[in-house]
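You will see two complexes here that share chain A, one where it goes with chain B and one where it goes with chain C.
== the complex of A and B ==
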């Protein structure tokens, strides 16, 4: 009797056990996919970059002062390109940091809820504008403005690149910095206000310093985004031959050639297997390493922040307070001296003295002004930053809309291009973009959700989760052009898939995977632990709990992540440029065929089809509407989700 | 730095003025108003000084004439390789050459930049740019065909070994009178001594893939549409990606035909590819329509400009 009862129970258990184990393994595999991808990218870039290091040596490659791969003799000096990348990024940060931190403070501390609900999505919409659209705006409006305003021969300069990259980095920095500021404990703020500090004093002396490491991480992530940007920089920076460093180095009106622009321009035409080809992969490797370092730095800082929040106990500082103060003073003194030295060299003695006196005067004036007025001033300045950001957004949107609206009609959306896209519509491109994003999401969503479920439900925080998360963060920071090169080397050439829909879909899937992992994890975090405990108490297994109890309430959050991923995939040009795209009235019927896509259609019209201005603007508008529409749905969903999340 | 320039700058910072005024209006107390006023004035002075610093860089460009902005193609472009060999005699370009990765980008830049000069394919000349004559010969199809216009180059298609089947027919169609009509239509220079395409009894079927140069892409795409009309059962896909990508794809066998705007390079010579010339491209020197300095250049002048020996338009308009 006993045996008879036990046997079926045991078999059920085993079946269940196998299922549970199986799921765990599957989830683990999807969790490590991010790491596998990042390693295969590094390996494949290195594989194709190695010959150039071998032939001309790593040292000469890194320190060579001229990039002239087709000259006689060919010169492969990456140094000016690296410097240019850093300079453009530096300029972008000078513009983006004050604007984004001001915006972040405004959104989290100053704005009323009603204003916040409009402003926050507006800043996020800026992230939704495809970089190729930014490029066109920059090429036509920004460079002309710079040329006329500053009376320089050409507007395609370091300044143009920095302004454009600065605008593009604003949403990244703002959203991370805003999270950091919002997560400063309420008690800090209340305590400060209770002892009689003004709102501005509270913000400047309590909130911002407490959120400092989060803000630092935000800035570093912004730097990562700026370094990796390709299409926009390629279009507005001028790209001088040999990639010369500006003379003098502070000359923001000099054209400049970055690593990404060099890749974007030269990759298509280069002879596969030539030294030049290997050198380009060398550049991609350098670019990847720079962004990896930047992103690891951000991860480390954010990680330390989280640890600090977890442990309230104060550790004894490694350096004593006094010593730390001294270091700080020396540091400021050093920076001051350098700035003064640069000023002195560039503008001469008299203006330098003038500027220093003025700064001192302003400093003392600011100290004398009453607290109330100080606050007014500061709040006005902060409001000004957000207004500037909104103006940027407005100008770009207005430009694209006013130019593109003339081309827009029902036929434009539903018919194929005729006469090489000069007339007719863009139906195949729309369908192609839909195919690409559908495939990308079909690959990335299961992988990303699996990875997030494994990270959040199956493992305790430890070395494995840390490695996996770092992998996902690094993948997130990988420049899109690097994905493009990897896709070309791996799918198109190594796996011999050729230019195909499949290659494009997988490349895009890799790119959006980290977004999905991150948003899914956030969604899982919002599901209360008590629900899981209740499910276990009723005898459900782990996988049953996840499947029936945890995932359904997290679904809207996961959906938001998926939509953000779709938005990013729909607007990207660089990853599909060398892997998937075809230009024509062509609708693919198999995944092994190439595909047309909106960003590429726009890119080709603008670069290779003379006399297609009207349809260029129309395509840009449709692409913009599509991507912004997708983002808008995501934002609406999120707001809906947040309202409902009252357990 | 003249005072006039400084004033011009102040004029351009009207946005800061508007902001400043709103700031002052916000403040009620008279005392504070004065302090804020002083603060703003000092900020303004800093701004002007900054502007002076900026314009210091601009000043070096010289007041008379306009310095030439050199626009060229990227180092891997077939157009540049040709220009470099034919016009420059393989001398190095000036370091101030700005590189664009397409004809369209060159045309766009020149249409927007008054002092720019660049070279593009014949198809890209329209009212937004001014074409220069070279040695007093206008760049057009007739002059290129007659051999009078000095700067033109070939466009190619490559097949792995001798072309067969659909690839062979397609290239034959492209080189025929019918195909060359489309070449002319797209602003390229047709081949000479062409014959009518011989439509054989049975139509082709299966697939044909073409990939490569973005310069050749438009013609191929249009010819493909016409060829498909003759052979409804044939599936043709034409992809871009660039000459290098096309050549490597055809040598690997992932596509049937590779398009290229340049000849094979040394690293590609042993891939077993067969070259087919399918059209010519006249290279036109263009400047901004507002450029009143020149209408004609000699090849020597062109070389001097691109070598960086002539850097100001006024040196050309004597």
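== the complex of A and C ==
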């Protein structure tokens, strides 16, 4: 006789069941937070921008040639500001694209492992320098250099903005492009070498073409980064009255006023509810739409790339290979025509023909020289790009360290400022930054980890995960100044929190949320499926498994994400500019009071307090040390983590 | 098999990956227009050895070599030797088919193009001839300009063979060319190999002892980085001199 065992029935009344369901709901809510935030941003910007569209019309707002909201009559023409943003970004890309792609090729294909270990963190370090520190360096060193070496009346120009933005976009483009190049299968490389191709032929004909879509996405992300940057651009571009665009349009030595700079400068002095106020939100909306489009484009390209890698073969492409090639050819032809047209407009007919002939001649000469010499030339050029990048980094660090170290003392970091910050220390700003960062991480960490756990553990890849991920990507690409405006409209005004620590903390938390979601997801991906199965096999529930088996080994990875978020929050200025900070020496005792913060302190000293040079450099150094220290810990942790994670 | 006819000969070849020595004192000679098989258990160094013949190990960091490898009497590891030139003479087919993400035509024409051949007719001829020699022409002649990624695994591997034939090498190295293929595709590649030896010298690494016995003229048995026995394929399989070889052949281990 067989014994019958009655299995316990699933009951909805057990504590365990309620806990499981409850956790799932909580995690789901954190997962959709990114979507809710991005939608609230769009809604609130639109709400406060709508009146200006209504009063002066969308057409005149977009096409008006003058921006002068305080004039008589006030003029609200966004067109020159949009053009200025595009021009500065274009210039930045002319600098950043060759340097970044060269660096990416160097790091992934040419550097020996020993060199790579040094170079890669150096480029990442560039990403860690807060934008206000870039702005400070640009304002003092770069603009002076431009003024003297090109003999122009002011160095605060389009060129200054483009150089600075170019440098700032380099780490973004380099790291994404390097990922793309490194993930080209090694088999392709070996296949090419095996038929006698040189290393350079292999790189230029096989590796880079195979990585092309990743490199394109990298460039687009770099463009997004450049368009959205506020502090550095605002500090070095000169911001002319009426936002006039350069005359002629190719004059790189003209001052220029971008969308972000206009927001950064004017938002602080505008009367709430005035036409000017609504017009600024109109600008923010335009800015957000541009960056959203740019980021969606990058996401689509990268997403398709991943799909291609996953499914790889056997699937017939929607468009035939031939047709695809024709599209590509047309695209390159179009770009070529545009470049020639620009050349023609700027330098005239004869020089254009001259330049084109020169390029053609050089191209044929290059084909004539031997493969070995070609390779040597190409490798020298690529090595030069990485050297230029390292020199940029070196100059910036050296300037700030040599000038700032004189101001550093125990008193400097433990006392308050005197004489408007010209003397005394920066204690309140340090404390303010710590408060802001602590609050931001306390909000963003649980939300971000919850979202990542839901995405990775509770759902299958599908529409919902796609939407949530897209939301997080879009949030990641949203310019920091837009967070600032949203924070002002929503927390400061709508929720009546006023200029307060709390408003700043939440705004920063929203900004770093996508970083935390992404790094946590990466960490969860590294936990092998067999561990989960082992736990389920012992009868553990989902939440028990996550809590006891999945999260502990993922903890260092999650911590790395949190630290990266802390570093970003500590260095950002734009999001707290209109939500939390005042230039003061008092230390807030409640979350509803405003604070001072290191980046804001530096910004104010550098732009409005003459005679505070030494303390500017000192503040920049402290901020730099703080942020770089934080990143350094993150990098160490990550390396440690990678070593341990070889299952 | 050391003889004056050797097309490739190694002398006291030692190889290290970092601290770990992977090849010990290998001295062997390869005869032209023959198929030589390298067999042995996993990790015995057979793939490492074959990758020495066209300097493919250069791609690997921290790989160090002592000893000599002669190709027609020229040391290929000599300081001035150009790895690219050597690889044009000594082609290679890999374990996993590795066509480039380009069209079938572009895959085969690639090797000639990088040598500077741009004439369309000439390239067309090279592509057709190579694909015919790799017994793939009939299957792909109507879709030369489609992506090579759409081919089956066996077709991809024959495409890779065509690619290596396109630059008319003298030696073809095959590193377990059938390990990712099903038996039918494997049979096609094996047929192809016996045809190839009329024009080329073939060296093949294989895990499959029946395959070595079926296709090769000479067989080398390797174990733990050492060359244990090298001789006529029939002799190695029917009458091995070394106990280690016999144990492996008879399936007592490995």
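Convention: the second predicted complex is superposed on the first by the 597 of 647 C-alpha atoms of A that agree within 3 Å, B and C clash if a C-alpha of one lies under 4 Å from a C-alpha of the other, contacts with A are read in each partner's own complex, and residues count from 1 in each chain.
Here, contacts are C-beta pairs under 8 Å (C-beta built on N, C-alpha and C of every residue); 3 or more make two chains touch, one makes a residue touch a chain.
Predicted, not measured: the structure shown is a model, and the values here were computed from it.
Visitor: Counting touched residues of chain A, say whether chain B or chain C comes out ahead.
Guide: Partner touching more chain A residues in the overlay: B.
Visitor: Considering only the touch criterion stated at the top, classify A:410 as touching first (chain B), second (chain C), both, or neither.
Guide: Neither partner.
Visitor: Using the superposition on chain A described above, determine whether A:210 touches chain B (first), chain C (second), both, or neither.
Guide: In the superposed model, A:210 contacts chain C only, not chain B.
Visitor: Looking at the overlay, what does A:156 touch: chain B (first), chain C (second), both, or neither?
Guide: After superposing on A, A:156 lies in contact with chain B but is clear of chain C.
Visitor: Have a look at where A:609 lands relative to chain B and chain C in the superposition and call it first, second, both or neither.
Guide: The answer is first: A:609 touches chain B but not chain C.
Visitor: Classify the contacts of A:140 with the two partner chains as first (chain B alone), second (chain C alone), both, or neither.
Guide: first
Visitor: State whether A:187 touches chain B only (first), chain C only (second), both chains, or neither.
Guide: Touch partner of A:187: chain C, not chain B.
Visitor: Quick check on the complex: what are the chain A residues that touch chain C?
Guide: 112-113, 185-198, 201, 205-206, 209-210, 312-314, 316-317, 320-322, 367, 371-372
Visitor: Any idea which chain B residues touch chain A in the complex?
Guide: Chain B reaches chain A through residues 12, 19, 22-23, 26-27, 29, 32, 35-36, 38-39, 42-43, 45-46, 49, 52-58, 61, 66-69, 72, 74-78, 80-81, 84, 90, 92-105, 107-109, 112-113, 115-116, 123-124, 126, 186-187, 209, 211, 213-215, 217-218, 221-222, 224-225, 237-245, 247-249, 252-255, 261-262, 264-268.
Visitor: Can you tell me which positions in chain A touch chain B when the two form their complex?
Guide: Of all residues in chain A, those touching chain B are 68-72, 139-140, 143-144, 147, 149-156, 234-235, 238-242, 244, 251-253, 255, 257, 264-277, 346-347, 351, 354-355, 358-359, 361-362, 365-366, 368-370, 373, 376-377, 380, 384, 420, 488, 492-493, 496-499, 577-578, 581-586, 593-594, 604, 606-611.
Visitor: Taking the touch rule as given, give the residues of chain C at its contact with chain A in the complex, in rising order.
Guide: Touching chain A: residues 54, 56, 59, 61-62, 82-88, 91-92, 94, 96, 98-101, 103, 110-111, 114-116, 145-147, 149-150, 160, 163-164, 166-167 of chain C.
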